[in-house]
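Structure incoming, see below.
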Amino acid sequence: MDEAKTDGFKPNIVAIVCNWCTYIAADTAGVARMKYSPYVRIVRVMCSGRVDPQMVLWAFRHGADGVLICGCHPGDCHYKEGNYKAYRRYILLKRMVKQMGIDERRLRLEWISAGEAPRVKEVFNSFAEEIRSLGPLKLPVEAGSHE
Amino acid sequence: MVDEPRIGVYVCHCGRNIAGVVNVAEVAEYASKLPGVVVARDYMFMCSQGGQQLIQDDIRKYRLNRIVVASCSPNLHEKTFRRAAKGAGLNPYNVHMANIREQVAWVTEDPEEATEKAKALVRGAVERVKHHEPLEEKKVPVKDKVLIVGAGIAGISAALVCANAGKTVYLVEKEPSIGGMMARFDKTFPTLDCASCILTPKMNEVASHPNIKLLTYSEVVDVEGYVGNFKVKIRKKPRYIKEDLCIGCGDCVEACVFKNPRFYPKPDEWSLGLKRRKPIYIPFPQAVPRVAVIDPEACVYLKYGKCAQTCVKACSRNAIDFTQKEEIIDVEVGAIILATGYKTLDLRKLPQYGYGKYPNVYSAPEVEVLLNASGPTGGEVVLRDGRKPESIAIIHCVGSRDEKYKKYCSRICCMAALKLAHLLHERTGAEIYEFYIDMRAFGKGYEEFYRRVAGEGVHLIRGKVSEITDAALTPEEEGKLIVRVEDTLAGAIRRIPVDMVVLMPALEPAVGSRELAKLFGVSVDENSWFMERHPKLAPVASLTDGVFLAGCAQGPKDIPDSVMQAEGAAGQALALIDKGYVELEPNIAYVDEEKCSGCRICVGLCPFGAIEFDEERGKARIVEALCKGCGTCAASCPSAAIQQNLFKDQQVMAEIKGVLAAMRGG
Amino acid sequence: MSIVGFLSEKQRDRRFTEQLLSSPEGSKILECIQCGTCSSTCPLSHYMDLTPRRLIYLAREGFKDLVLRSRTPWICASCFNCVVLCPAGIDISGVMHALRRLALAEGTYPRDEVIPALSKSFYDEVFRHGKVNEAKVALAAKGLRGTLSMMGLGLKLWRKGRMSLSAEKTRSPSEIREMLREVAGS
Amino acid sequence: MSEGKPKIALYWCASCGGCEEAVVDLAEDLLKIAEKVDIVFWPVAIDAKKEDLEKLRDGEILVSFINGAIRLSEHEEMVKLLRRKSKLIVAYGSCSYMGGILSLANLYPREEILRYVAMEAPTVENPGETMFKEKTMINGVELELPRFLEKARPLDEIVEVDYYIPGCPPTPQVTLKAIETLLSGNLPPRGSVIGASDKSLCNECPLNSTKPEKLLVKKYKRLTHAEIDPEKCLLAQGIPCLGPVTRGGCNALCIKAGMPCTGCFGPLDGVVDYGGKAVSYLASILDVPPEKDAVLKALEGLPDPVGYLYKYSLAKSLLFRKRAER
Amino acid sequence: MKYAYYPGCTMKTSYPHVEKSILALAKHLGVNLQEIEDWNCCGAAEVVNISMEASLILPARVLSLASRISDKVLVPCTECLYNLKRTLITLEERPSLREKIVGALEKKGLKWKPVKIYHPIDMVIKDIGVEKIKEMGKERLKGLRVVPYYGCLLTRPWGDDHPLYPTSMDEIFEALGAEIVDYPLKTKCCGAALTASGDERGLSLTYHLLREAKRRKADVIVVPCTLCQFNLEVFQNRIKERWGEDVSIPVLYFTQLLGLALGLGEEELGVDKLLVPFKMPERRGGK
């Protein structure tokens, strides 16, 4: 690991989460006073199906070093199958950003049910740690532009 | 942006809850400098009357048109602040909350990091709210009927309250009789009331109530719609008995071709397999409806197509009908109460207690049936080999309070165990040993009951049993079940040989409750119990509007608590119905016709069929009443023509940009 | 050991509890619900002066001396029954190991138990040779009297080729020694 | 102005020449236009030099149509000059508008591209490993080549652009419509796309009406591997047609030729990132179980998402474009 | 199938008869065992009493050496098995300890690479398969009442089988025709080092184990652990002296009984070196 790269690095992470599962789990994690990485910022949507890949690219563009999408477990979607759509988009989007030179680990999708407060902590921490170890994101537009 | 934003930002201390970690003054100071922000303040309790007044005064004084409240989760107080804004003449949807309590103060160790994160969330909210615009709530009339799923004591209690208030109730029960778990009990704690004396009248009242449509042997198979307007499909399984003709005389059961109890084809469900039953049966003597059922998996005629049909001949009312088919019943209701109850942990998952291996190890529900006067032994306590036990061990917390099984306390076992101790001692005179970790006798009259049972000479041993074994060390132990325990009060190890062991298994959600949760769109907690909206402030509401929770479906509860919650849920359902209408959160999607290209991508994506395609005009249209506001269509519209109120592209992206800008020290 | 009477607050040592909490094995002792499953399942608890449950209780209350002078950690055979059954997920056998380390370091272990001496001579043997002849170590630990009592059995085994007293060694014991010194500082 | 006829200029940057061809394809209409305007600069067709351009007053040209991406220092220099001399600058064609196909090269560093072209391409034999040089001395004279820039850029990343005409190349119809708009005097807001539709291609696609009620796809197929029915919506047949996310106005020429839309007209207003939006609808309409392998299998027909979904617009994507806001 | 083979210290000094059976069985099953070159002691139960770090570096060195041979290491001693697994898990879960230990290894030119740890039972179940064993065994154990005694460390705290009610040996020997005795003490402790050092408290455990096996009319006890084999076998006389009860019963290590069941000879399996002799059941119709 490149020491200089990660030393003192505070990753910028956006978690776009479903209102019905992860958002509630995060509330519960709060009530249970579970401590986790402060670098993950939650942005709420009603369903992971609302997550437009443009939002993910937008987040990267505006300084996110990692983007997390959280939804209900397969089969548990409050809107029947929004999470399936999120998942299919995620798979294609991951392939695309990888091609664009972004480490695919910077984009992660996790299923966290309303009851899984401990998993909020676990997932947020592990993602923050992963992003920390990857270092700051250099966008293609920045990379190697010496003009 | 619709108009020039004039934003007010309100940072809540929440007492020490937020201010103890987050530097709220610094956050407010930061917010005050953000473009568009006219005023930013911090205040002790934003949700208090004073806090709301502060916002209202500012709206008037500074002509604010957007409000950001940085406090707790919107799940708690979004409505409060929207109402406050409305009171000052501002459209309530121009308010947005930043959750700096649950998502910041309570989960962040370092105060500086917490303050930074709070700033980021506030910045996100400020950027977002600039793109908010006034929205109208939609008022929808409510159907004045109630669906109650599960007819144990909770479902029955809720049904009676609703029915007595004049509402039509559909009470759905998957078993052939209502009554649930309680119908198996002989006595209830702490009063030692005869369970059937208090339950049976209620069951009969349900059966005869003009407002209750009782659907036993039935299951909900589909739920559509939303609060106030649910469309529900119920499948009624065939009993092969005409319910309206059968008078429950039992002649058919008597006449069935199976004669020898040893060869009855199925273990009896109600008595938990302590006896066997015929293919045609009445679930138990007090069953409601008192109507026979034919089990198609066991009935010789239904299985093989050939039988003497002695039952048919015996029925004087010609009630047997082998041609019966399952029925689908459609109902429309305004409110739903889920009262699907619990089951007990499968004791085979704890091989250390020898359940299923040693015949004299019983589960508590089995002992309840054994004690029941209507049970297989007529209430006499005899072991499987016919002996009367002379010593009995009752073990608490089997699978409860245990990381490896259920972390939670199952709440009812201490009292149930004391009750069993009393009853077993009373019926057998046996020496009773009770092994507990902590004696939890918290309810009204419970402590008194505990002392009473203790006074009866039950050996109360504080220590968790690790194992039941038949490996005897001494002649006295031969042929017995040996309980090895640390008597933690004596600080010594004891080996106690007994004839009978009763395990108090942990409670867990009823079979199929996860599927049910999906069907009704309610959330479950980490242990799969239905999740209440808030443990204190909204304990009977689920997270889905219009669906309420009652009894053990929400978590382990004893009878008084189940009934209490059931009547509470009934009250909530009635309040909803009697209001006559509901206001729907306007977060539905809409099509900007100017932009719609008519590509039809959206039409197939809506899980609720809420998108119609107008062939003539070549435009998609969203049927507001069907849209539930997930936003899938908005995410997928290639023309950006579909947007979702409160979650428009601009709004979400502005929020993302905002939280990130603050994180980068912006 | 009788502990009836006053347990004085002076006997408590907070640092001891913290020491245990910070060891890899003792991190969860505060979550103990005192159910006694450990003692119940322990095959040797009836020989102990303090049952495992009591030991953990006293340890988290900080009664260092009572805990470190107890025989219990030295009677524990590390069978891990308690670990797999503990409803609070405490690594009880591990706590015993941690307590043994502390007791050895403080010199407060009971002198008439064999295991402390065995551990020390075992470690010396590993340190010197990299490998160990257990029979040799055991005899060394038991002293002359103990050795004599085992003579008959030893002879029988020796005849079957099942006992040897030769010193086993790794190729370069100094490599092991240096590694041990580096990580354990001994 | 002496003759009263508005002056216009046409210029090409990094371009395949197709856009020039498209102008010529206007045929008689070109002559009609030529009557109304005075073409002062058009390297392909008329003999005017840079010096001639320099001689014009600033703003003397009414409108300059510039096609091609900016890839060489020369392009930069010329478009800045044209910007100065022109009232309006129109980015003509996808390269100028969005970076175009050749901005796909932005996936690779400049040095790698040069190395490949000079030494590694299969058709190159260069045993001495001679590399391009910007400056070379020959017989005491220093020859200079324009510098190959780090990235291919759309025009508006170098100079302010007033209007965009999309297409690879813009069809005569689009070009005419755009010119009409410009000459009408009733100018749309600055920064608009002109000449094309404000709806997606589906809106004008003859196959749109053949879409099934629910448009769901089991698997994407590559055009080369698929047997297609030219009478039915290609997307519904599993051909990843980009029509839904692409601005119309081309009259569905490709579709009529049995080819899916590949997106040369770029996104509609309101779409922030073309590729992102394309990912969204293409993946959303997949009708496969939400399991990684199943989804990947269904996507086998899309082996190169970037190349396919940003075929004309990589330089304008959120991750590659210079300015984040649009 | 190639394994790194880690015999452990006691195998060489105290259990050459057991090691013989392991090597013979491996050969018979076509398994290639390559003894780890220059292995060291795992630290047994004792080193952890002195230093946590020391108790990790010893197994870590062994695992590191093993990884040069194969990604699987065969460990017949359950104490060694436990220490190796404990090291794998601790280094995985505790980065600070991992750093320290891996650093020390690297200084000696050793690379840290986790390997899978197999007991001979795991090898039989996972790599050979009970079906194949059944085929090879031809029910040679028919008529034999076997107590499969698992002891502690094979399944606790980590193992593939149930930690308290394992069945792997039950399945194997049942497949070989043996009658498996229902033995509730199958994972009860034998007293380990306490018994081995002659302590009467430990001995009482061994006594109960043997007594229960006799009570249930077993012909033989089969164990997966060398120390169990030692404790259960060599103290039978002392138990008789102390408690006045005859508890004599043969105690075989897993590979010994399995070897016999697969038709190998007593001598090549070291069965002739047992203090309590064991004879295979006479087969009906004899062959």
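Each chain gets a letter, A, B, C, D and E, in the order it is written, and its residues are counted from 1.
Rule of thumb we're sticking to: a contact is a pair of C-beta atoms (placed from the backbone, for glycine too) under 8 Å apart; a residue touches a chain by one contact, two chains touch by 3 or more.
Since the structure is predicted, the reported quantities are computational estimates derived from the model, not experimental observations.
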item	value
For subunit C and subunit E, chains touching each	B
Chains touching both subunit B and subunit D, listed by label	A
Path length in the contact graph (subunit B to subunit C, fewest steps)	1
Contact-richer chain pair [A-D vs A-B]	A-B
Central chain of the complex, centres being mean CA coordinates	A
Chain whose Cα centroid lies at the greatest distance from that of subunit E	D
Identity of the chain that, by mean CA position, is farthest from subunit C	D
Gap in Å, rounded to a whole number, between the CA centres of subunit B and subunit A	30
Between subunit C and subunit D, centroid-to-centroid distance (C-alpha), Å	76
Approximate Å spacing (C-alpha centroids) for the pair subunit B, subunit E	49
Touching two or more other chains - residue numbers and ranges from subunit E	164
Touching two or more other chains - residue numbers and ranges from subunit A	52, 54, 58, 62, 85, 89
Where subunit C touches two or more other chains at once, by residue number	81, 85
Chain-chain contacts as defined at top	A-B, A-D, B-C, B-D, B-E, C-E
Subunit E - residues contacting subunit B, complex	162, 164-165, 184-185, 208, 212
Residue ranges of subunit B in contact with subunit E within the complex	351-352, 469-471, 473
Complex contact set, residues of subunit D against subunit A	106-107, 109-110, 149-151, 271-273, 275-277, 279-280, 282-284, 286, 288, 290, 292, 295-296, 299, 302, 304-306, 309, 317-322, 324
Subunit E residues within the subunit C interface of the complex	9-10, 12-17, 38-41, 43-54, 56-58, 61, 90, 94, 97, 100-101, 104-105, 107-108, 152-153, 156-157, 163-164, 187-189, 191-194, 196-199, 201-202, 205, 234, 238, 273-275
Interfacial residue positions of subunit B with respect to subunit C in the complex	352, 397, 401-404, 437-438, 462-467, 484-488, 491-493
